[in-house]
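What follows is chain A paired twice: with chain B in the first complex and chain C in the second.
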Partner chain A sequence: MTTELLSYSIIPLLSALAIPFLGRTNRKISEIIANVTLLAGLANLAYIIFHPMNRNSDYAVFSFDGLTITMLFTIYMVALCCVFFASASHMVKAEKNAFYPLIMISVSAMSSMVLARDYFTLYIFMEALAVTSFSLIAGEEGKGGIEGAIKYILLTFPASALILIGIAIMLMSGGTINFDMINSSPSTGNLAALAFITLGFAIKAGLFPFHFWTPDAYQGAPSAVSAYLAGVVTKISGIYALVKICMTIRLFGEPAKPVAFALLLAGVLTLIFGAIAALMQKDMKRMLAFSSISQMGYIAAGAATLTPVGIIGAILHIFNHATFKTSLFLNSAAIEKSAGTTDMRKMGGLEKNMPYTSWTSIIALFSTAGVPPLSGFWSKLLIIVALWVSGFKLAAVLALVFSILTLAYFMMMQKKVFFGKPREELKDVREASAYMLAPAFLMSLIIVLSGIFFPYVFEFLGKTL
Partner chain B sequence: MTSTFSMDWLFAALIFFIGAYCMAVSRNLIKQLIGLEIISKAALIALISAGAFSGNTNLAQALIITVILVEAVIVATGLALLVKNYRLNGSIDIKKLDNLRG
Partner chain C sequence: MDPVSLLKAVVFLPLIGALAIPLVAGISKEVRNAFSVTVGILTFVCAVLLVPSGVMGNPVYLNIDFPLGFNFSISADSLSVFMAAVSSFVSMIILIYSVDYISHYENQTEYYSMVVLFLGSMMGLVFTKNLIWLYGFWELTGFASWRLVGFFRSDKDVAKANKTILVTVFGALLMFLGILIVYFEKGTLDMNQLRGSQISLLAASLILAGIFSKSATLPFSTWLPDAGVAPSTVTSLLHAAVLVKIGVYAYARLFGTVFVAPQAFSYAVMAIAGLSAIISAGAALIETDIKRIIAYSTVSQLAFIFLGLASGNQTAFSGALLYIMMHSVAKGGLFLCAGIIEQKTHTKDIMRMGGLYKTMPVTGLSFALCSLSVMGIPPFGGFFSKFMVFKGAVESGNILILSLFTLGAIMTLLYLSRLFYLVFLGEYKGGAQAPCEGSPSMVASVSFLAVCGIILGILVSYPFNYAVLISKQLGVNLQ
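What follows is the complex of A and B.
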């Protein structure tokens, strides 16, 4: 692991240990500790990223790459938004003191995954992250949560056996599992090992033939948790590792092409399947889950082109996906709290009662669909250009067409939920409180700003990658 | 001492498929969890065999002890989930888990 940034994984762990003791009598204290820890981490990361001294020296002080720091920033941002939303909406009951420590442990596990510099460390923290995710999903009172958690454990645990077998083959062929050593020894054995590991992480990421657990886990989880899961947890535990592997097999040259092509095929099928399935959903959270699956397809296809443009596009799309999907899931959580349902057939005309929620979700859905000034447009553009340039013209056309379909199903959602005539039974629905709206506003601000100032973002990633 | 390398991997593959078969045909959630454990044991056999083959037994041992620790945590969590499921639904049949529909 890189040691310079180790505090980002240790401090949340200490905070997770402190919360059950200090917050035993008062729920407010545990909320404050959780929020302050994450806010301090985010401010610290922002200081590293934007400080002129670090920028002028091309971040030579730190031995990390742009991927690590971008992912750390994403983790802390989404975790802060979800924790703030949970404490503002009084979602966590006083006797359920496990929510904040679990979130803190999973932030720590994700940071460690991002900081890992060998495959075994990556595997260990992926498992730690999975355990906290099962517990968070099962925190829902009703039957949905436990069902989502059991499907998650049964359908994703075989993936870890595949990853372990990959590590075994790696140990056998070169005797090392370090990222840098694997990068510099492109042998057939290492490629076979990476193919196994790719398969394992494709299951964890919910790519096409292995997507069954994703919608159930997201729909069953409590609202703030599903925003957290969809925004960052399953992205770090699956798709981040796939991007990392693509960055490695890029150096293997011609023999790596079949592995990359298999990943590209899975990615394109995922984006097609996710978009078509999202069109047919009636529950808002389930529709957002299928939309999330579809976006995973874009990221996998972009990374599998093995070109620098495709990989930068994939990393940017992970970041953008975290912003807009967190915003949309938090909006669905606010609607669930106000209107009491996430079934889109029972909603309509909420625009008048919840204007701010409506506006933030319009910004987020335009960014998902790739409407020009917003950030989602740029990352999708990079992915589609990378697909076209590296010769997968059909895949590029399909990605473009299904990007339009994304806009279609989101406009259907917006029409069913917010537009149209207000329903009788939803007359006295109130807008969510200002604290509950704040995370979605922050995300919308980031979407708009990183869209407008995109050249700077691209330069930052291009310089450090 | 003769090398048992090929036999190790044969048995690893066999045990993997026994576990997968157990998961595929069983409707009982506890049997499914046992199937998962059998699959991960196959991975452990592969790991220790790879360590012995490459003369790197110490590293393989360290990895395996860590993996056993992780598995204990996962199985404990999984069994806790099954207990909660039994309390809520009164059944350990996987076919009864169909509340979430689109």
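What follows is the complex of A and C.
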């Protein structure tokens, strides 16, 4: 592991240990510790990224790459928003002294995954993350939380097995599992090992045809947790590793093409399937879950082109997906609290009473659908450009055409939930509190700003990868 | 102000103004209305002040570098300034008219922000010289019109709003694909660098699909009559007079001044436009809803503009540019008349009107004058533009297409006469008491537009010379 950023994985762990003791008498204290830890981490990361001296020297004093720090930033950002929302909304029924430490441990596990520099470390923390996610999904009684959790854990076993097989092959053929050394030894053994690992992480990422656990897991979990899971947890435990592998196998040259092609095929099928399935949903959270699946397809397809533009597009899309999907899930949670349901057939005209929730949703969903100049447009554009120039013209056209479907299902959602005449029985619905809105506002701001200042974002990734 | 700051102002003033309106609305309603109207007027003034720099043939240029050639570059050449002046003029009128018109509806703040955002993205669209930003602003106008069509929030309105945005965004995505093909073939998105380059039939057709969907030409025409009926008159005017011109502008810009499309492509455009003209004119002949008739008439008139632009000679091209101007003014007048009539009779069904000329003489007269301009009767502005388009089309010499359009022109004459007859002449069929004239400010704006039609006809030499100048300065592949 890189040691210079290690504090980002150790401090949440310490705070996870501290919360049960310090918050024993007053539950408020556990909320405060969790929020402060994450906020401090985020501020710290922002300081590293935006400090003029670091920017001007192209981060030469650090050994991390742009992927690592972008992912750390994403993890802390989403975790902070979700924890803040959870403490502001009082929607989490589970024991607070269990809930916040769990989140902290999963933040620590994710940071360690991102900081890992060999496949075994990556694997260990992936498992740690899976255990915490399992507990978080099952945290709320009833509501299918257990079902989602069990589906999640059952799929994790074959995935872990495949990854372990891959690591074993790696050790047998080359004797090393270090990222850098694998990068520089493109042997057949390593490629076979990476193929197994890719398959394992494709299952974890919920790519087609291994997608079926995600909607249940997201729908069953408490809303703040589903935002956390959809926004970052399943992305780090699955798609991040896939992008990382793609960055490795692109150094292998021609022999890696079949693996990449399989991933690309899975990605394109995922984006098609996710969009079509989302179109048919009646429940807001389920629709968001399928939309999330579809976006994973874009990321996988972009990374699988093995071109710099495609990989930058994929990384950007992970970041963008974290912003818009967190915003949308948190808004659906706010609606669930105010209107008492996430069934879209029972809603309508909520915009009149919940204008801020509605407008932050609009920004997020237009970013998802790739409407310029929001950030989602640029990452999708990069992915489509990468697909086209690497010769997968049909895939590029499909990716483009299915963004109209993305827009279509979100238009349906907006129509059923917010737009339209207010319904009689929802007349007294109140806007969420300012604290609950704050995370969605922050996300909307990031979506708009990173869209408008896209050159800087692109330059940052281009220079540091 | 120097031209560069004017250029910045004309694009960013309405864009930032649109975001500021919700904040300003916090102060008071009056301040918000005044602010929106001021933004509209200032945008128009800036656009007009840019005319000299456009005429000089030495356009001001502003460029902000973006990676991979997605540079944000805007420049004020004669065509951009022309379109900006025309569309900001109509938008300004709409904003002034709105202050009265929508004062008793809900969601006014959203309405003003969206109209101003629309104006801003329209300005961005006409001034940008980069295809990717053309697409970006294109989608932004679609977003604004989505909110505006769904303004009344009933299920029907929202369904129509969704239809509008899905049709136009579908077209826009096809266009985007075309743009990407150009990007991969030529390696640049900058229109100045692309000027005069040949593009493949596939890319041209994809871009054309986007243009047709925005300007409501067959087979994408269905959203305009829907969008024109559901929401308020002001909104339908915004769509019929301004939004559809985006497609026409893009055609003039891309295929008139940037790309050289294959010959077959131009013929196909003319043929599709011809069919569009005939079919929508036929629909206008049998419709009984006054706004639908006017909306179908828009679809039909747009086809004439496409004929002029696609004919490939200078006369027709400048005629088409003139047509854009004349049509905006005359169609604006017709829509606002229809708005007054609808407000007073509480119906849109022309079978339940009749004899309104007696009680609404000013509206009736303005309606007649605007109709005459759309029909193309001298000395109205519409005559000159239609005449030039036909003259140019004769020179290019395709008899079949020409006869299609002559038929279309005759049908225009028929459906507008029928409309005028059923609404204003004969006996009132809507009840015992015929309605009275509209409010002074509304009638004033209608008669203002009608008079504009005559003035533009009499002083046609100025816009005419300007249109010819544009086609000389910028035209590519024109005879």
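Keep in mind that, in the parts below, the second predicted complex is superposed on the first by the 459 of 465 C-alpha atoms of A that agree within 3 Å, B and C clash if a C-alpha of one lies under 4 Å from a C-alpha of the other, contacts with A are read in each partner's own complex, and residues count from 1 in each chain.
Everything below uses one rule, namely that a residue touches a chain if its C-beta (ideal position, glycine included) is under 8 Å from a C-beta of that chain, and two chains touch if they have at least 3 such contacts.
Remember, predicted model here, so these are calculated numbers, not experimental data.
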Touching partner for A:V397 - first (chain B), second (chain C), both, neither: second
First, second, both or neither for A:G175, with chain B first and chain C second: first
Winner by number of chain A residues touched, once chain B and chain C are compared: B
Contacts of A:I167 with chain B and chain C, given as first, second, both or neither: first
Contacts of A:F134 with chain B and chain C, given as first, second, both or neither: first
Partner chain(s) touched by A:A408 [first = chain B, second = chain C, both, neither]: second
Which superposed partner A:I153 touches (first chain B, second chain C, both, neither): first
Contacts of A:A18 with chain B and chain C, given as first, second, both or neither: neither
On chain A, the residue positions that both chain B and chain C contact, one per complex: none
Residue numbers on chain C that touch chain A, as the complex places them: 65-68, 106, 132, 135-136, 139-140, 143, 150, 153-155, 158-159, 161-162, 165-166, 169-170, 173, 176-177, 180, 183-184
In the complex, chain B residues that touch chain A: 12, 16, 20, 23, 29, 32-33, 36, 39-40, 42-44, 46-47, 49-51, 53-54, 56, 59-60, 63, 66-67, 70, 73-74, 77-78, 81-82, 84-85, 88-89, 97-100, 102
Residue ranges of chain A touching chain C (in the complex, touch as defined): 309, 349, 352, 366, 371-373, 377, 381, 384-385, 388-389, 396-397, 400-401, 403-404, 407-408, 411-412, 415, 419-421, 454-455, 458-459, 462
Chain A - residues contacting chain B, complex: 120, 124, 127-128, 130-131, 134-135, 138, 143-144, 146-151, 153-154, 157-158, 160-162, 164-165, 167-169, 171-172, 175, 215-216, 219-220, 277, 280-283, 286, 290
